[in-house]
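Presented sequentially are two complexes of subunit A, the first with subunit B as partner and the second with subunit C.
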Partner chain A sequence: MMFWKVLKQYRVKGLLILISLPALVLPTICLVYILWQGLPVLNWQTLSGEGVTGFGLEHGMFGQIWGSLLLMLGANVLAAPVALGLALFFNLYANHNTQRTIFTLLHLLQSIPPIVYGLFGLFVFVHLLHLGISLLAGMIILAMIILPLLVLNALHALKAISVEQTESARSLGLNDMQLICRVWAPLAWPTMLTGQLLGMARALSETAPILFTATVFSGVLWPSSIFEPVTTLQTHIFYLAQEGGNAHVVSIAWGAATLLITLVLLFSLTALLLRRIDQHHRIS
Partner chain B sequence: MHQQLNSIETVVKPVNKIEVEASRLCIDHLSLQLEGRAILSKLSTTLPATGITALIGPSGAGKSTLLRCLNRLYEQWQGDITWGGQSILNRDTDLLRRQIGLIGQKPAVFPCSIRDNVIFGLSRQQRRAIADEEIHEALKQAALWQEVEHRLGEPAEHLSVGQQQRLCLARALILKPDMLMLDEPTSALDPRSRDIIERSMMELGKSMPLLWVSHDLDQARRISNHILFMCDGKLIEQSDTESFFNHPKRIESREFMRWSVCDC
Partner chain C sequence: MILLKPGLYLITSFIALLVLAVPFFLVQASAPFWASAGIKVLTGTEWFPYEMLFGMLPAIIGSTWAILIALFIAIPCGVATAIVTTELVSSSLASATRMGMEVLAAIPSIVYGLIGLWLLLPLLQSSFDLLSGHSLLAAGLILALMILPLITLMSMDALRLVSNTQREAGMSLGLSWEALLFRVLLPQAWPAIRGGILLAMGRALGETMAVMLVVGSLDRMPEPIMNILQPAQTLTSRIGREIGEAAFGSIHFSALMACGLLLALIGLSISLFAHTRVVKA
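Coming up: the complex of A and B.
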């Protein structure tokens, strides 16, 4: 009798815990497994490539880290001003219909699979515009992928500013530029920076689009211009993982995965920390 | 000597009258539609050159919208609004907004110090050149000086809601506006803060026109010299406060005073 009473009391809570458990457990298992496999491999020899041969491993991983970071930074540098401009246009000048169109378009762009972006980049930027497989082509295509995320985040940041503050500034005679610089920017920058960091994490984790447009398996350590291809951690893992029969090569792939995850987590956690600081500041 | 004084008087008086007339705000057949809905319809009035005009009416009457039209926060209206004989649409928007200050219902302070909030509406050069005495004067006019005298460098967010509202007032006053519009400025305040703002505004109303939106009929009676009664986007009645409350001309006005609702 008591058992049924307790069961009745906690059935909804229990059911929800049961359903939501995989969302926490599975990624944790995945993360722990990657670290367990990758951490023992990460040493100076693997990173520098000293005494290792074959599969491009002799060059170590510094080139790949550099390539990934270059692509990530380039994509963000290209996408950030566009995202900011669009978000400001949306808030300042777009009428209801334009706002609806922009919103629909952004969600549509966000739902396009990255591999399709890669294919588009290969035909348009690599072949049609003759950019070749290059850092620039990769940056542009990654910028296109993270653009909706950055715009939606910037819109969220601007929406969080109270109507009263904007109206007060306007009623004091501030023009559009003064409103942006003196009211919106100081209030919105923490959220916008958070979005930027999340955009960096997203750009760092994309593989498919740069596979066709920016990267080669090996041979390039430090690209001398934006028109040269790069090697990246993401594609390095992809190539190495295909050598399933070679235990050493696969273990290096785990090492690269650990490095990549560390970088992505670094940006994501910084974003999370910034958001928390901003929320704390707003509450106090 | 007497003759001389008389001649001065005759010269001076018309000039003053013209100046007073010139600073009047005239609304002529003002109509506004937002998303297909008529918010204001054919509203005409001329605001007195000094004193407090209370804009009263039920919720949704279009009172706040009217203020936003006068401040050019809304511009898609029909009809005409003139200020100093010139349509406000032909005036520089930013300058007009400095001349006709607007204080909102909820105080909105900016994330900077109390001092910087007061001078927020000034240009960069003015902010650099402004004397501390001017800032103090604006704070005194807004009845906030005594409370913030020793903490001008503190963040404005640390002030209470009532103090923030008075800070918004000081911020508008330092621009030396020719007219001030207040959209239910005391609705979110405690009685003490409300009294302070009312007293301060009644003092200010002696030298400039104030347009005060209020839901509180007692307050309107207490503070105002003139009444504009609006309902459903239309101006139902306008008169001096005494006449409006003692001898309302329209049945809608009587109903509103009795039930606080209007059946237009």
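Coming up: the complex of A and C.
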């Protein structure tokens, strides 16, 4: 009898815990599985490609790493000033209606799937503007994808500044530029930096939009100009993963995945850490 | 510094132009296809680009199935996790779960594809006795894993925003834990949780790489329509598989652009729906 009473008392809680179990264990399982598969493969030979033959493995992985980082940097350099400009316009000159329109537009931009940006870029940049499959096309497409994230984050950063501070700066006679450089920038930079790091992580993890606009299968160690295609870790994993008949090639794919995850987590965990420090700073 | 104002106006109008440019060029690129095939392709069941057959229904059904399976698994799991972590366990365990979810959200989609292809497919193959494991079920499961952090994190935030005064008022009325949860906490958090679910839906709709690797890319209707254990195709996986071989200017290329347009329209309507509901609330 006692058993049934306890069971009845805790059935909802028990059921909830049971349903939530996957979410509690899956992150660890996924990470451990990837590292378990990938870490043994990562050594100097696979990275440099010395003494390896076949299936694009002879070039190692440095070309892919450079390609991924170049695309990421380019996208962030292109998107950051635009995002900052829009956020400043929002706070300095936009009236209420314009602000609402900008907000709606940003949410709409965010809701378009990344692969659609890839198609748009393929049609407009690669074919209509004759950029070809190139680093530049990939950079612009990735910049478009991370733009809403950067703008929303910048808006968030500026919103956190108290109205009193802006008003006292105004009453002291500061003009727009002085207000931005002397009051807003020192207060908002940690949040801005967080957003930029998240944008970098995002740009590193997108694969579909650059698959057919910026990358080739293999053979590029360092692109000679921004009008040349590159190789990236993301697309490298994609090509290697499908070589089912060759276990060694697939294990290299796990190695590349480990590298990619390390890079992405480096950026996103730094961002989260920075956010946490910033919050503590604000509260205390 | 006279340049600041016009410069900012310029940047803003540039972004407004960008928002208009994406749909405009997609319509332009897919126009030859709509002109030659007409709107009836939306219900066509045959997709053979080299015989000029462009039925889109199999991919639409595939996308729908994959999203439904993903939501069916991820919503209960995500919301339950949020409840357990915010209402039941200590805050240190809660922040550990949050950390785990953030790591899960940061894993790139192509790595999920790798996990799906080399961990999930063999499991499905042996447990359901399938030929290869490529199926809509696999796509749904991988999508569920990918949208789980989104739903969990949004639900956790929503539950945390319910003020403690409400919890205390409920307890002082003598409400049981279950009543407090179902009558006070969940109704208040629901609008934000629903926002998270819609966001997750959009994410699942547009996800390409992971789905493409596990879904099997076989363009035909599920037979019967409830069969989720067969290889199939989604809108995104079709674009990803075929865009490389479609020549620029051909009807095939144009048809794939039309698939992209369809994806953009569905994504935009989900977002607009979420937006209007939030504004009303």
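To be clear about the criterion, the second predicted complex is superposed on the first by the 260 of 284 C-alpha atoms of A that agree within 3 Å, B and C clash if a C-alpha of one lies under 4 Å from a C-alpha of the other, contacts with A are read in each partner's own complex, and residues count from 1 in each chain.
In this section, a contact is a pair of C-beta atoms (placed from the backbone, for glycine too) under 8 Å apart; a residue touches a chain by one contact, two chains touch by 3 or more.
Computed from a predicted model, the values in this text were never measured in an experiment.
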>> After the superposition on A, what does A:L174 contact: first (subunit B), second (subunit C), both or neither?
In response: first
>> Looking at A:V183 after the superposition, I want to know if it touches subunit B, subunit C, both of them or none. Which is it: first, second, both, neither?
In response: first
> Is A:A247 touching the first partner subunit B, the second partner subunit C, both, or neither of them?
Replying inline: neither
>> I want to verify the contact counts: of subunit B and subunit C, which reaches more residues of subunit A?
In response: C
> Just subunit B (first), just subunit C (second), both, or neither: which does A:P114 touch?
Replying inline: second
>> Is A:I261 touching anything from subunit B or subunit C once the two structures are fitted on A? First, second, both or neither.
In response: second
>> If we overlay the two complexes on their shared chain A, which of subunit B and subunit C does A:Q165 touch? Say first, second, both or neither.
In response: first
>> With the touch criterion stated at the top, can you tell me which subunit A residues are shared between the subunit B interface and the subunit C interface?
In response: 175
>> Considering only the defined contacts, which subunit C positions touch subunit A in the complex?
In response: 1, 4-5, 7-9, 11-12, 14-16, 18-19, 21-22, 25-26, 28-29, 76-78, 80-81, 83-85, 88, 97, 100-104, 106-111, 113-115, 117-119, 145, 148, 152, 177-178, 181, 202, 205-209, 212-213, 236, 239-240, 243-244, 248, 256-257, 260-261, 263-264, 267-268, 270-272, 275
>> Can you tell me which positions in subunit A touch subunit C when the two form their complex?
In response: 12-13, 16-17, 19-20, 22-24, 26-28, 30-31, 33-34, 81-82, 85-86, 88-89, 92-94, 102, 104-105, 107-117, 119-120, 122-124, 127-128, 144, 147, 175-177, 201, 204-208, 211-212, 234, 237-238, 241-242, 250, 253-254, 257, 260-261, 264-265, 268-269, 272
>> Looking at the complex, which residues from subunit B come into contact with subunit A?
In response: 71, 73, 93-98, 101-102, 104-108, 110-112, 120-121, 168, 171-172, 175
> So in the complex, which bits of subunit A are touching subunit B?
Replying inline: 162, 164-165, 167-175, 182-183, 186-187
